[in-house]
Amino acid sequence: MTRLLAGQDIAHQIEQKYPEAVVDAQPEFAMVKADKLIDVCTFLRDGDLDFKFLNSLTAVDRLDAFEIVYHMTSISLNQMGSIKISTSEREKPVFPSVTSVWPGAHLQEREAYDLMGIVFEGHPDLRRIFLWEGFAGWPLRKDYLNMPGHMAGLERFPGEPGKKLEGRGNVDA
Amino acid sequence: MEDTGTVVAFWALAIITIGSAFMVAAVRNLIHAVVFLVLSFLGVAGLYITLSADFVGVVQILIYSGAIAILVIFAIVLTPQAGRDNAETSMRLPAVVLSGLVATMLGYASIDTNWSISDRPGFEETASAIGVALLDKYILPFEIAAALMLVAMLGAIIIVRDEGTEGAAED
Amino acid sequence: MSVDLEHYLMVGAILFAIGLYLALAKRNFVGVLMGIELMFNAANLTLIAFSRFVESESPIDGHVFVVFVVTVAAAEAAVALAIAVLLYRVRDTVDVDKANLLKW
Amino acid sequence: MTLKSEPYVINVGPQHPSTHGVFRLRLTMDGEKIIDAEMIIGYLHRSMEKLAEERTYTQNIPFTDRTDYLAAMTGNLAYVMAVEKMMEIDVPERADWLRTIMAELQRFASHCMAVGTFANDCGTWQTPVMHMIRDREKILDLFEMACGARLTTNYMRIGGVSRDIPPEFLPALAVLLKDLPKRVKEYEDLLLNNEIIIARSRGIAKLTPEEAIAYSLSGPMLRGSGVAWDLRKADPYAAYDKVEFDIAVGTNGDAYDRFAVRMAEMLQSLRILEQCADMITEGPIHARMSTSTVQPVGDPVAPLVIRPPEGEAYARIESPRGELGFYIVSDGGIAPYRFHIRAPSFINLTPLKKMTVGATIADAVVVLGSVDIVVGEVDR
Amino acid sequence: MPILAKWYDFRDLGNAIGALQDQILDWGAPDWVPYVVSGIIGVVGILLWLLVSQIIFIWIERRVIGLMHNRIGPNRVGPMGLLQGVADAIKLLLKEAITPRATDTILFWAAPIAIFIPAMVVFAVIPFGEGMVLSDLDVGVLFFVAIGSINTIAVFAAGWSSNNKFALIGAMRQIAMLISYELVQVFAILGVVIMVGSMRMVDFVEWQSGNDVWMFAIQPLALVAFIIAGLVEVNRSPADISEAESELIAGFHTEYSGIKFGFFYAAEYFATFALCGVIVTLFMGGWTLWGLEEWVPGFLIFLTKLYAVFFIFIWARGTLPRLRIDQLMAFSWKFLLELMFVNILVVGLETLIWREGGYDAATVLPIFAAINWVLAIGLAIFWARMLGHGTASSAGKRATLTQELGAIYYEGAGTPGA
């Protein structure tokens, strides 16, 4: 059975090496600072945690912030953990790319860029992947095509308390 | 040769041969030129067969149409960035004059000479006769031709071999 | 109407002239090569014609000679191909006018 | 002999016999040799992740059929496991067994197609794939028996499975289990020892174990590179902790090894299925959920609308193509706030350039066959 | 009325044609008329036979491959689907013949015709029965090889003029393949020619019926090499590398549609029939079958054998994977050609001993056959081993089974066939 490392454990390990890197620690994840990301990831990969395998990389639009979620596995120790980074920048969120640490992040970062509009600095080939070049907007963002009838999320369901979106279209982005 | 079939065949094949040879000179596209060259070779092979030289005719198809035309195609496709056009140099006019003169001279000589024509029929079986002649009367030229082939093959390999990448040539 | 030696010789002569023109006038190396092949063919045709028509003790000799010529032509074509490739590699062209290293 | 030659570009796809879907490979060639490769995907992009945000949790199950349409059952399973993980639902034992049976049948069916089309890519003119389709059809018959559908099954439910198997299911499975191992062994003899297939796939697209791990490869790609890693063993879900099976690994990391691993896994799947058929228990097939999560519509046993607590979950299973993960974020509503599929076909394509550059165009087709992509899953 | 005297002797259609020729001369026609008439009859007869055979064999091939695939195959058009070929032909005729804009139009249209002609011309030298050969050339076998080599130009023209990269790759592959395998083919034939002492097609049949043995029994190696080289030449699976479906879509005829494609399709079948005819003539006794030809028309025996050989081609198509182009070339240059050298050497020695010693054919041929079979099998295995095939390191390996999670099994570099 894979041991699911709590975010606090991972945060503890990271703090021993990089004291200021961790922002927050929850049972599911540890939130780290974006500018320390490469260091932290290299440490996670080569350190005692041995997270050599990057399961999944994805972005979440929290409306007030963009989060990138990393799920990692150690094959030799059979354990798993998750870290996150976050930014409140909306127009052009920029994060460091982890392709130098895990080459497997290549396509997943391109996917996140394509659908969520997140720029990964240091990515060797950051282009649209599913959509065509010149596609307007970032479709997985919650405010994509912010117009009536195309309201994202729960407002589609009658009687459901959805989160109110502010009038922010990103079609021109 | 007064056999109607042979006469018709001769004129048809002669027209094909000379016409395609002319087209080799006339067309602009080198690939088209090669196709006409093959057609010309096939015409010559047909002429051989009207001369009852069926072995040589078949060898003509095999070597010229099958092998040499392919070598020419290889020469074209192995030189990709070079021009694929079939243009003439500035020596065009002298060449026309010279080849016209040669044709006139040869034609005049062939008509004017009094050949000692024999009236024997065509060859019955040429392949075995050629084989016997090659290995009996012409054994020395035969061996020399074999050596020539070998030398040509080795020479071709050595010419195109790249000295700089001896190791890379292995793979 | 009949077909005689002179007819074949005329075809050979015209073929030879066209080949000569190609060899002299063509700019492309491959064009020159094709001209030479046509000249070989013209010579072969006359040889076979002589072998068929002319009085001789062993008429098959013409055919034997043609076999030798074909051999030489094959060897020549192989070497010419090699030269074309080398020329292209060294000079980046197969224009025979540009292959003038030995001009002076 | 080196010659200056013009590099030229050829497009393998989007319409091409061996791209396994609408997939485009843009190859820059030097003669027969590939000097650059770029994949262009998205022709089948249906924006499932966005659509899922506007549908309830139960409505999303059919979407998971249509990502990896050759392995709908495993897609269903991974998704419902992610929701169950978020809601902390314990699935009844019989449902676990049924899920295991379906997932393994699906793995066998999917590997049938993978192995068959790989042989097709090696140039066997349709024969192996037709034989494989025969076996797959039998399994699809079983699916039809269980849930009425053959390809897009929509069988799993959050908290269990949609319906119990009919009484004739297990006898039919037993007949199949008697028949299939012989066939698979025959295929192994015919294909694995085929001199031409060996010549075509040995040493093609080699990846070392370190590279395979770094590129986040999973499934037969990872095991073909010699890493004994199988989520059914590493992180057992459903009833996999109760059955015995072996992990199949290759030792060279080339296309041939991936092929051999799939072949071996087919036999292991049959082994698991035999144990499942013996050990399956009676009982309920659906968990009872607390009423707070199933309002306002639906009954506690088969809820139409559920409301997981705020939070997030990442659940992963070993799909036929590798680690199929679902990352779901809930804001406490009736639809997922974020729905992300970690698609193994997509991520297994990451080292495509590394695998194809330097090979010939004929090899590129074999490489693509050995990755075993399903374009529905690549593009989602 | 000579035509009435012989027409019923249908064991040999040549008789009937000879009778017809005599009849025409009797009517006082000029000497070239029977020549032309019999030629036209022969050509039309062969063409009709080819078309009917092709239509039936498309059906047979699809049904047989269907059986190999566990499916039924065409069964809708006509009884048991027999008219499927006709339906296909009509469909191809009625389809729009698309000429893409950027093609080299003249060559694009000329190529299907050019590939069709050699496939037809070859039948001139194939003896369908006693006296049933259009032109009994002195150098019949060489003619077959020579005509086969013209194919190359047509294929190249098709691939080049299509202005499609897949087509061009296919055409270049075809040229490279044909050059390699022509050599093997010629050497395979040479062994037979040495033993028979002639290149005339009829002489092969007469030698085999005279010695009561099929050449296949004496020179198995030559037959196998000839069949493999023939597979390459007629471009059928597993050597259909120049039109490899899974790689090049349709290779050199990717851009062809409608009746132009139909020409390529038909030419492939015609060339295969011709190849089967040559195989039957050279290695399987032609129209003779140990005296049965006295009772059954020779051409029926010939056709039966031809169709039996065709089945081998269908079988190979249904079962074998396709090689890569470099592997196919290596197979020719490194393997088949060497075996053919040895074969020629051995056959030459045997023929020399036979001729010089003046032995009886019935005593020496069994010995030669035994020697050659042992040599063929032994040499093939030995040479394959020398090239690194059939050894433990090149054999297929099943996946390793393990319970050890997270362990790494990797042998590293140094695999064969890389």
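Read from first to last, the chains carry the letters A, B, C, D and E; within each, the first residue is number 1.
The rule we apply is simple: contacts are C-beta pairs under 8 Å (C-beta built on N, C-alpha and C of every residue); 3 or more make two chains touch, one makes a residue touch a chain.
Keep in mind that what you see is a predicted model, and the values were worked out from it rather than measured.
Novice: Using the stated contact rule, I'd like to know whether B-C or D-E comes out ahead in C-beta pair count.
Specialist: B-C
Novice: Closest chain to the overall C-alpha centroid, by per-chain C-alpha centroid: which is it?
Specialist: When every chain is reduced to its C-alpha mean, the one closest to the whole-protein mean is E.
Novice: Approximately how many whole Å separate the CA-defined centres of subunit C and subunit E?
Specialist: Each chain reduced to its C-alpha mean, subunit C and subunit E end up 34 Å apart.
Novice: For subunit A and subunit E, what's the span in angstrom between their mean Cα positions?
Specialist: The answer is 62 Å.
Novice: How many angstrom lie between the CA centroids of subunit B and subunit D, rounded to a whole number?
Specialist: 62
Novice: Taking the mean of the C-alpha atoms as each chain's centre, how many Å separate subunit A from subunit B?
Specialist: Distance between chain centres, rounded to whole Å: 72 Å.
Novice: Can you tell me which residues of subunit E touch two or more of the remaining chains?
Specialist: Counting only residues that touch two or more other chains, subunit E contributes 405-406.
Novice: Two-or-more-chain contact residues of subunit A, please, as numbers and ranges.
Specialist: 75, 78
Novice: If I count partner chains per residue in subunit D, which residues reach a count of at least 2?
Specialist: Expected reply: 3-4, 227, 229, 234.
Novice: Which of the residues in subunit A come into contact with subunit D in the complex?
Specialist: 1-2, 28, 52-56, 58, 60-61, 69, 71, 75, 78, 80, 82, 102-108, 111, 115, 129-132, 139-140, 144, 152-154, 156-157, 160-163
Novice: In their shared complex, at which residues does subunit C touch subunit B?
Specialist: Listed in rising order, the residues of subunit C that touch subunit B are 1-22, 24-31, 33-34, 37-38, 41, 44-45, 48-49, 51-56, 58-61, 63-64, 66-68, 70-86, 88-89, 92-97.
Novice: Enumerate the contact residues on subunit D facing subunit E in the complex.
Specialist: It is residues 8-10, 16-18, 29, 32, 119-127, 130-131, 134, 188, 192-200, 202-203, 206, 208-209, 223, 225-230, 233-234, 246-254, 256-257, 260-261, 263-265, 268, 360-363, 365 of subunit D that touch subunit E.
Novice: If we count contacts the way the header does, which residues on subunit A are in touch with subunit E in the complex?
Specialist: That would be residues 75-76, 78 of subunit A.
Novice: What does subunit D use to touch subunit A in their complex?
Specialist: For subunit D paired with subunit A, touching residues are 41-42, 45, 47, 49-50, 53-54, 56, 213-217, 227, 229, 234-236, 241, 311-312, 314, 316, 323, 325, 327, 329, 331, 333-335, 337-338, 340, 342, 346-347, 349-351, 379-380.
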